[in-house]
């Protein structure tokens, strides 16, 4: 019997991934060709024996709704467990009132009705592997009122710009939570993952909404961390925050190191996703593929290097794809060269000859665009 | 098709002994095919796509894997409220002992109570070990149009091979006037595919009579169809012209896999209007490594290629390590080809490891090499 | 193979059911204790062999999302078929821009991608039984460009006020579509159900949105019915439009005639719904129940007359419920008398002694209210 | 519980011949109970609620209905990706014939390959025909805490009845030191409930040995448990005190239904934290008619009452027509009591019709009357 229920939170109004987020929330972004970002927090929960999960949705919920569905593919008993999709009333994603607290407040009934004593809150816009049972055990053993998950990074100057950092004392007590302004390389990035009693969570939500209608969960914890016992638990291994196009691109490219990727996907910690029933990928006589992740259902006649190719993509003859992410069902016609680009779903690159940018500024090609 | 207008029964008892070591632990319909599928995915997906709700799978031989595989009916979407895939094994009855199925017709007869529970108008009988895509709803429409008692799917085979098949001779308007099992001098080239639609009321009556007949082999081909012809029932041939394969041997299984390497292959598993559904396995997408060379290949998710692969089909989680070569071969799920090993014109079975620098298979052997056990590393 | 896909439409901004709709869209209203309104259009489609269905959602989609889920309980193959939940971007239900056409326009991609030649559009806020295969066959046989479903009523002066009426010529051609203003008793009520080619539907959506951003589907059909062949198909049997509290109450009470109710629920035309796994209902020694539909999971100690009791309701000792609708999980404490009321979910009537109104003006008691 | 840490196997072979006509067509675990359930819903729902993912159901007797009933694993939520309810019937193996299960232990032994496929740490053995609610996760926690080889659920029975049961004598700390089958002079009142948790590794070894033993009855109670005691294995008793009923006869089935009429009954099917799941049937809610009188009754959806009902349990779609009386009785699904008929202390079987003005059952008979066939209308 699980001691905790799960909350999968949505990115707030301060975060916006140019291009990709015009069409779907970050949780619904394709990741490594085969997955969607939300598969990670939900699989972490499912693998941690958490079988009652609330997923908070904001604008453009269609794809996330469809992908999560009944949640059976996340291996959650459909009677005893439940993945509940909850909506905020204010669905304009850029509104300052549209934040996590207002969403929890609007659905407080459903939070109160949970039988479990604890809650694990995890974001739908970050990718990592974590056994929440360990987090919960450490939380209970330490006697802390709130435990947050954090990750030490060395590239906070260029990445993780939408994230918060945690300032810790020697006892791993949280001193402050601040926005990452890119002022230093070494930072403790807050993973927007929290563990606490359900009652504490409800109090935080009520207090925050009472104090200011634009307060977020990190805001109120920052405010309270002097008077409450708030501790930090260090996460190790792969960690990505997909809160900007650069972060998304960088995090994807990092996984082309197979040892990193295969560490994130262990047999004893499956990352579940919804199957699309696509057939295997067809490599033609002329195909040349190296250091790439290729999804099923593709037709590959050209060259693919250091790239990630989504389901059902068509890579024509003489094409070269380099350091790029090609999303599902895109078609790249013969003899086109693409470097350092993110090509969104259903795009058709027919006439454009070359799409080449630098690694630090990947080009984004719109969904359904015909170039 | 209305709910339960037609029920499908899949005969999946095949021991498939010519598939040798591939079938010591699993029944033939559970054998892998096409990178990510099992053979029985084809009739089951055909059923789902044809709008059939309830499918019975008749098994008896060592079938724990097949049974638990098909029991997960959600794989083919057959898990909605009144749908289901039901495994039907021989069972003890109140007044009888436990009895094996004595023949194809007997397998149906022993499950009359199951069929009656759904009260279908028509019964579709399928084989669990054929690879093809067919819309049974169209066959049923033909059956109704012809006002048939039974409709048998047939396909044209080369005339010189016709004597290896059960051949249907028709009157030119589709009505079957004669059925010859492996005729020495075939009069037509229309071979039975072992796919039947019967009007259930009539079939039920005939099965009840057949059960009591001590002379009968209780087989559709040997007993029921000939009797229907004798009784001048309306038997019609439904011609099918798409891809169809009965993979009875290692060679034909290998060949059927190789067929998929032609991007214009007739089976076309990429057709989104008629998908073949199968087990959903949690894996990474396929990874093609830094020094890998892959050409003319059919590869599915979870595969890791660091070596070179040509003219081959690689199943889920197969691994080809650095410097290894896989040529004209099939690697079943989880098969591992270690560094420097060479696999040529072979079929490497599930989870089998070909050791470092080992060489299996041959370019010139008469038959395809089946590698069913781990092969130790070779000398350099 | 189905020839048509289905669209389940949402009530537009001109319709609002006081009280009940504060908490959920009409499609999610409880009906006859056990069902939700949306079960009717979806079951009609499923029973008509339509297995690809789009359900359009507007504000407060949670309960509808949860109820529909993967749609397996509607007996739809989850691989070959699909119930797709689609959202309008503008989710403020009272906005004049929030209408059916804007929702279709926002999701035109998904409509265009349907393989089927025809579309059946049916509302999520009306209750009736109809084999859409018959409607489609009649549509095809007649050669009409659009066929609409209508119902002859004799009480249009008091009910069906939010609905449209169709003016027909002798050949059942549609002359005009007008709002029902309650000016006469005998009217042909438009059942907001349409059958046409997918291409025709797309053209109507595009034309309507081009002409005016507040045009609805009936508006554009009214405009075009002089130049197009628009015909009407008469529906017979039980028909209810739940577009006001009065209509909802009246339609529910009508079904207390068991012969009407059992005609709506035939074994060969099942109305599917999501099971809640509640146990049977317990009638105590003191229970007195007549002419009522009682859902499972109730505890009944008091008197219930001409009423509909939802799942898990508790009717205490000495209580009298008369001509009322008590929704799920409501608790009516000892000795309280309720007449002509609609008591919403989770309400607790503890202290109020009597809730009595007239049949023509049923009282509404709010969700979760404690009286 | 982690994925597949513990697998459950339900022994559902019971012929239940004392339930007479109720079990000619269905196995005992499929018998109806409690207005809307079947008995096997209880162990299956317990499994789902205890976090068990995979359940094997072992059947052999006339079980097409039971098999297709449990195969719809979505009913208990056991249809998520790696979950499932699998029907395990005797099957033909490559080198053996088809064989019935020779005893409870043999039924498990014959499915060792199935269990091995999930590689569980623990095996839970259940009976398919008991009515109770139990959290097996708590029993497993106890098993681990005691570091047990086997844990047996026991319940206290009245001492005078103890000689009818298998009695466990413990050392006061829960360790079982002796097991006596129906002892003439029982030393304790702790009766085995037929619910076992075994550490799979050890049990597997013992089953393999037991299979080869020609003297063995291949039964848990007769062979495996006594041998474990002889070998001084750690056997522990897990005391259970809630509602528990083995409904072996018509009288006890009737009684168990009547238990539910007490609003404070111990089984409490209304507890939302431990629901019992079952088949979902499309019906109207229950309708209580204009002249109906219903008191002290347990009634489910689809029922239509126009007459009078007291002290009775009415199953799905049962009908009581005008002027009919149902007293102290159980109406199974679809049972119809026609106008003016009177049913007293009876159990009316599924879809059975009691004709107009007929009278069945009696206030004073020794046993409950089973009405298994339509009763013609009586004279006035």
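A few comments on the model shown:
A, B, C and D label the chains in the order they appear, each numbered from 1.
Quick note on the criterion: contacts are C-beta pairs under 8 Å (C-beta built on N, C-alpha and C of every residue); 3 or more make two chains touch, one makes a residue touch a chain.
Everything numeric in this text was worked out from a predicted model, so none of it was measured.
By count of C-beta pairs in contact, C-D exceeds the other of the chain pairs A-D and C-D. Comparing the CA-atom centres of all chains against that of subunit A, the greatest distance is found for D. For the pair subunit A and subunit D, the distance between mean C-alpha positions equals 45 Å. Per-chain Cα centroids separate subunit C from subunit D by 41 Å.
Between the CA-based centres of subunit A and subunit C the separation comes to 38 Å, rounded to the whole angstrom. The set of subunit D residues touching two or more other chains comprises 74, 79, 81, 275, 277, 280.
Of all residues in subunit C, those touching 2 or more other chains are 72-73, 79, 272, 277, listed in ascending order. Within the complex formed with subunit D, the subunit B residues making contact are 24, 59-65, 67-68, 71-74, 79, 81, 84-94, 98-100, 111, 113-114, 117, 280. Every residue of subunit A that touches subunit C in the complex is listed here, in rising order: 59-62, 65-66, 69-70, 72, 79, 84-87, 89, 91, 107, 109, 277, 368.
Residue ranges on subunit D touching subunit C, taken from their complex, read 34-36, 74, 260-261, 263, 269-270, 275-278, 280, 282-301, 304, 313-314.
Within the complex formed with subunit B, the residues of subunit A that make contact are 32-34, 72-73, 258, 261-262, 265, 270-273, 275, 277-297, 299, 304, 308. Against subunit D, in their complex, subunit A makes its touches with residues 1, 47, 49, 51, 71-81, 115, 272.
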